[in-house]
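Some structures are shown below for you to check.
Each of the next two complexes has subunit A plus one more chain, namely subunit B in the first and subunit C in the second.
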Partner chain A sequence: MKPDIKKWLAPGALLAATMCAVVFLWSTPFLWMLIASFRPDAGGGLGMASLFPDFTPTLQSYRYAIEDGYWPLWFLNSTILVTGTLVVQLVTISLAGYAFARIRFPGKEAIFYIFLLQLMLAPPVLIVPNLTTLVHLGLYDSLIGVMAPYWGSAFGTFLMRQTFRTIPKDFEEAAIIDGASWWQVLRYVLIPLSLPGLTAFSIVSVVYHWNEFLWPLMVINDPDKMVLTVGLVSFAQGAEGASDWGLIAAGTLFIMAPLFIAFTAFQRQFVNSFMSSGVK
Partner chain B sequence: MFIRSAVGALCAGLIASSAVAAERIEFMFPAPVQGKLSREMQKLVKEFNSSQDGVEVVGVFTGSYDDTKVKSQAAAEAGKPPAVVLMSANFATELAMNDLIVPIKELAGDTDLDGLMQEFWPAVRPNAYFNGDVYSIPFQNSTPILYYNKEHFKEAGITKAPETWAEWVDAAKKLTKPEGERWGIMMPSNYDYNGWLVQALTMANGGQFYNNVYPGEIFYDHASTQGALKFWRDFAHQHKAMPTGVTNSKQVSTSFFSGKASMIVLSTGALTFVRENAKFDYDVAFMPRNIRNSVPIGGASLVSFKGTTDAQKKGAWEFISWLTSPEKIGHWSRFTGYFAPRQTAYDLPEMKKFTAEHPDALRAVEQLAYAGPWIATYNTVAVRKAVEDEMQALLSDPELTFREAAARAQKNADAVLAPYAEQTALTLK
Partner chain C sequence: MNKPIRETPGSFRSARPYLLLLPAFLCLAAFTYWPMLQVLLASLSDKKRVGDSGTFVGVENYFRIFQDAHFLGALANNALYAAGTVIPSVLFGFLFALGLRETTNLSSILRSVLFFPTLVPLVGAAAVFIFVFMPDIGLLDYYLAKLGVSATNWLGNPDLALVSLMALTTWKNAGYYMLFFLAGLQGVPQDAEEAAKIEGANWLQRLYFVIIPMLGPTFAFVMVIALISAVSQIDHVIVMTDGGPNNSTSLLLYYIYQQAHEFYDLGKATAATVVTLIALLTLSFLSMRTVERKVHYET
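== the complex of A and B ==
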C-alpha cells in the first residue's frame, strides 16, 4: 500500500516535524550529558561523543560523584545563598521600584539612569573593590558576604518600576481615600497585583545565584561554606590534562536536579508569570 | 553592640581555654589536572595538621591556575593575604615585581635557601628566583611531552617515536586517516596551554622565546618563533594531519583515548590520568626537535603573600618544608604524574620501585636535561595572550601568514611591556 504522502505534507505535520527537530537540536547538550553520565569508562572510551547509548548503562559515575562530593553540605550552602539573596532582594526591589514609579523627588530620572548603569558593569571588574568592602565589614569568607553585593538589584528595581507603572492609579487612590498609608498601599494593593513580576524576578535570581561560580569562589575560603558549583569544580575540573566526563555529567545533573524538578512541577505558573509580567 | 562583644568574649574564652592555640594559616591551591587531586591535597593538609599542633592549615580550593592568581591577589589587595599559595610557576616573577609576594628568606629564618635550591633540578630553579632572591619553592612541575598510540604506529609501519620535526610531520601524515576519521597529531590550543606549546616549539627551534634575565623583552617576531608558528599551523592547513581551529586539552585527551588521535602533546602532569584511561598500548617520548631538544618547565610552586604576621610566616615555612620534603613531593609526583622537582625524591626506595614499574614516568625527568624556564615577564598573561591570539587565528584562518601573525603578536606584546621597559631598561637605575 502506498503511504499517503499528501497527509504527511500537511502544513500542521510539517510544522510539528520542524519543531521536533528544533527541540531535539536544542536539547542535544542535555541528552549528551544524560547519556555520558551512564556511560562506562567515560574518561573517553570509544564513541564518547556519540548521542546513542551503545553500552550497558552503569551507575558508576553517580557512585563516584556521591563518594567524592559533600553534597548535603553544598546543597545546604547553595540553598542558604539563594534564599538569603532573594528574600532581601524582594524587599529592596519592591521599595526602590515603588520609589521610582510613584514618588516624586528632584533628580528622579537622573538617579534612575545612574542606577541602571549598574547593569553595564561586568561583575569581574568589581571583584577587588567588593572584596575590600567585605573585609572592612568583617564579611569576608562568609555566605552573607557572597550575598551582600546582590542585595541591591538594578535589574529587579527596573522590573518592579515597570510593573508598578502598569497598575492603574485608581486602585491606590481608592485605598488612600480609605486612609491607607503609603506602605499599606504598597503592601496590600501594589504587591499583590505585581506577583507575576516578583515571580519572574525570583526565577532569574535563583537560577543565576544557584549557577554562579566566580564570586563565591573569590569570597569563600572555608571548605564548610563551599557552594555546589565550586564544589563540583573542586573534584571534577581538569585544565592541564583532561576530565572525567561521566563524573562531570553526573555532578552537573545533581546540581541542576532541584531547579529542574521545580520547573517541571510549576511550569505553567512560571510561564504565566513571565507572560503577565511583560504584557498586561 | 552588646551581642557582638558578648560573642567576642565567648570566642576569646574558647581560644584561651585550648592549651596551645594553633596558628591558623590559609593554603590556596588549584586543581589543574583532575579533581581527584584536590581531594588528595585536602588529605595531605589533614595529615600535616595532625602531625604537629603549632600550625593549623586550612586548605582552600581555588579553581584553575588563572583563577588562583585572581583569587589570591584579590584577597591580598582586600587585606586578607594568604600565607601559602600553590601558584603557576611563571607567575612568581610578576607577583614579586609587583611586591605582592615575599622572598622566601623572610619565612625561612636561618635556613640556607641557596643550598636547599641545589636539591632541586637545575631547570626549575630560574623560575624560582627574582633579582637574586628565592621567591617560590617548586612543588609540582611538568614539561610538554609527546604521547603516542603504539598500536597505530605499528599499523602505519612506523617503528619509533619521531625525534625530529621532519620525522614528526612524516609520522603525522602517515597516521592520519581522511575525513577526520583519525588525526595524526593533536595539541591543545586553548589559552595558557597554547602559549606554553608555542614556547616549547620555539625552544625546539633553537629560540629563547623571552629574555629570561630581563622580564621586559619578548622575541615573537624572530625567526625561531616564526618557525614555530609556521610549523604548528602547517600541521592543520598544509599536512591536514591536525584539526583546524581551536582545540582544548580535554578534546585532545578524549580524542587520544578514543583512538581518534594517534599522537598528542600534553603536560606530563596528565600522565597518571592517561595511564588510567588509555585502553591500548601507549608510550611517551621527548618533544621532537628542529634545531635542538628543549622544552619549558610548567606546573606550580609555593609562594607566600605579603602582609601576613610573623607567626603566620613561621607556620607557612613549616608547612612548605613539610610539603616539599622528598617523601611528600615524591608521593605527590606518583599520585599525579607531575615530576618531582626535588632531585632527592628520586633516591627514595618508593620512587625507585615506582619508576621501575612505570618507566614512562622517567621520560619527563630525562627531558629535564634539556629544559629551560617558563615565560615570566612583566604582565605575563597579557604578553602570553598576544601570541596565543595569533596562534589561534593561524589555526582557524588558512589565509593568514605566519609572518603577519608574528609581527602583530610582537607589536601587541611590546605595547604591554612598554611601561616596564620605559621605567627600567630605558632609564638610568
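== the complex of A and C ==
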C-alpha cells in the first residue's frame, strides 16, 4: 500500500501540530511546578524558572513539605468533607430530581424556578449571612458547617431531572406492572440507569469541595479541623515557605495527587460519563 | 390479566412529590433563600457585626457604598475581570474542543493535559503563579527575556495585576469548559455537516452556519457558569495580591469579605452583597436571553 502522503500534508496535520504547540504552552506552568518540586536548592534565584530539569533530581522539597505540614490530618479532614458533602447530595438530588422528572403536582414549575435560583448564588457569595446561620445552628467551627450549605444542590437536581427524563418510561411501567412500588422503581430501575449522571455530578462535586478554600477558611478556626487548601496556604505563607518555590510546588502537587491519580486512572469513564450525562 | 397496581393511600400520594423535594428544599431555604432575605434586611440596618441588634436606616448603606471609591473600584474591576475571563476562557474552551475533534489520534492525551489545570486547587495555582509572574526570575519573564522583552512587574503594577489574575483564571477554567463543548460537539448531527459540505461550504462556513448555531445551548450554559465563577471566586486575590496594588485587584467578593471580616462594617458588606446578587441574576438572565435568541432549534 502506498503511504498516503497527501493525507499527512492535509490541513489536518497542520492543525495537529498547532494543537500540540498550544497544548505544550498551556502545560508550562504545570510542567514547571513538577520540575521545580524535584530541583535541589529550590529557594529561588536565577535559573529557577528554567523548564529544563536538573540532572540531580532530589526529593528534598517533598521531605520538607511532609515535615512542615500536618498532611495526614489535612487529608483526613478533606476526605471527610468531600465524602460527607457528596453522600447527602446524592440522596437529596436523586429524590428531588425524581419528583421533577416523573411526578405531576401543583406548583411544580414555580418550585423548579425557585430551585434554579440557587444555581446563580453559590454559597461563597452569601458568606456573611451563612456564617450567622451556622452560628445559630451551633455548626460554626465544624466540618458539618462547611458541608451543610451544599447539601441541597440546584445543579445536581437539575442534572438528575435531565438524566431521569432520558430513561424510557416503559422500563418503569414494566416494573410497576410487576408490582414494584415507586421506591423500588427509583432504587432498582432509575438509579442504576442514571449512573453516568450520578458519576458526572460526583466528579464535579468532589473536585469543587476538595479544592475549595474561602468557605472552609471562614468556618473553621480549630487547627485540628483544617482542610488541605487552608493548610497549604498557611504553610506557603509561613516564614520558611515564603520563597521556597520547590516546597510550594510540592505541597500543591500533594493536594492534587488524589484527583490527578483518579483522573488518570479513570480518564475514559470520567470523560464519557461527563459527556453522556447531558451536562450540556 | 394484569396484577392490580399496588397503590399507596391517596393523601400520601399527593404529598409525595413535596416530601421528595423537602430535603433539598430545606437546605436551599436555610443557605440560599433565608440568607438572601437576611442580607436584604441587614443592608437596611445599621448593624456593625453579626449579632448586633441594629435599627432600620433605610437605604443609607447603599448611599454609603456608592460613595465609597473602593466599592466603585471593586465593581469596575469585577466587570473588567468578568469580561476578561469569560470571553477568553469560553473561546479557548471552544477552540480546544474543536481542535481535539480534528486531531483524533492524540486527542485523549491532549485533552488530559488541557484538563489538568481544572484539578489544581485555585489557592495552589495562585501560589505557583506568584512565581510565574515574578519580575526577572519568574517563569514568564525568564522566557520573555529570551525574546528580548525586558522585566515586568506583573503583580506589582496596578495596570497589569488584574490582567495577570485574568490569565490565571483563563488557564484554570478553559479546560473545564472544553468538556462541555466536547459534549456539545458530539450532538451536532453528522448529516447536517455533510449536507453543508456537499453544497460547497468550506470549513469556516460550516463552523459559522452549522456548528456554532447547534452549540447555542452549550454556549449559553458555559457563559452563565463562567460569569458566576467570575463573581464567586476570590481565592487567588487573597493569596496573590490582597486586593492590591492600589486596590486594582479588589473584586466584589473580596470587598465584601474585607468589610465583614476586617472592618466590621456589616452594613456595607450586606449592601454590597445585595448589589452583587442583583448583578449576578441580571447577567445570567441577559446572557441566557442573548444566546438563546441566536439558537436555531431543530423542529
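Just so we're on the same page, the second predicted complex is superposed on the first by the 248 of 280 C-alpha atoms of A that agree within 3 Å, B and C clash if a C-alpha of one lies under 4 Å from a C-alpha of the other, contacts with A are read in each partner's own complex, and residues count from 1 in each chain.
The rule is short, and it goes like this: a residue touches a chain if its C-beta (ideal position, glycine included) is under 8 Å from a C-beta of that chain, and two chains touch if they have at least 3 such contacts.
A quick note: this is a predicted structure, and the numbers were derived from the prediction, not measured.
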item	value
Partners on subunit A (subunit B, subunit C) - clash or fit	clash
Subunit B or subunit C, by number of subunit A residues touched	C
Subunit B versus subunit C as contact partner of A:Ile261, first or second or both or neither	neither
Touched partner set for A:Asp68, first subunit B, second subunit C, both or neither	first
First, second, both or neither for A:Leu195, with subunit B first and subunit C second	neither
A:Leu76 touches, of subunit B and subunit C: first, second, both or neither?	neither
First (subunit B), second (subunit C), both or neither touched by A:Val135	both
Contacts of A:Val233 with subunit B and subunit C, given as first, second, both or neither	both
Partner chain in contact with A:Ile127 - subunit B first, subunit C second, else both or neither	both
Touching partner for A:Asp244 - first (subunit B), second (subunit C), both, neither	first
3-11, 39-47 or 183-191: stretch of subunit B that collides with subunit C	183-191
Common interface positions of subunit A, toward subunit B and toward subunit C	44-46, 48-49, 127-128, 131-132, 135, 214, 218, 233, 236, 245
Interface residues, subunit A side, partner subunit B - complex	41, 43-49, 68, 127-128, 131-132, 134-136, 140-141, 214, 217-218, 221-223, 226, 230, 233-245, 247
Complex interface listing, subunit B residues touching subunit A	26, 28, 30-36, 38-39, 42, 58-65, 67, 70-71, 74-75, 77-80, 142, 192-193, 249-250, 252-259, 266-267, 269-270, 273-274, 276-277, 279, 298, 337
In the complex, subunit A residues that touch subunit C	11-12, 15-16, 18-20, 22-23, 26-30, 32-33, 36, 44-46, 48-51, 91-93, 95-96, 98-100, 103, 105, 108, 111, 114-115, 117-133, 135, 148-149, 151-154, 157, 176-179, 181-182, 207, 210-211, 213-214, 218, 228-229, 232-233, 236, 245, 248-249, 251-252, 255-256, 259-260, 263-264, 267-268, 271, 274-275, 279-280
Subunit C - residues contacting subunit A, complex	2-3, 5-6, 8, 14, 16-18, 20-21, 23-28, 30-36, 38-39, 42, 50-51, 96, 99-100, 102-103, 105-106, 108, 110-125, 127-129, 131-132, 136-139, 141-143, 171, 174, 179-180, 182-184, 186-187, 203, 217-218, 221, 224, 228, 231-235, 238-239, 253, 256-257, 260-261, 266, 269-270, 273, 276-277, 280-281, 284
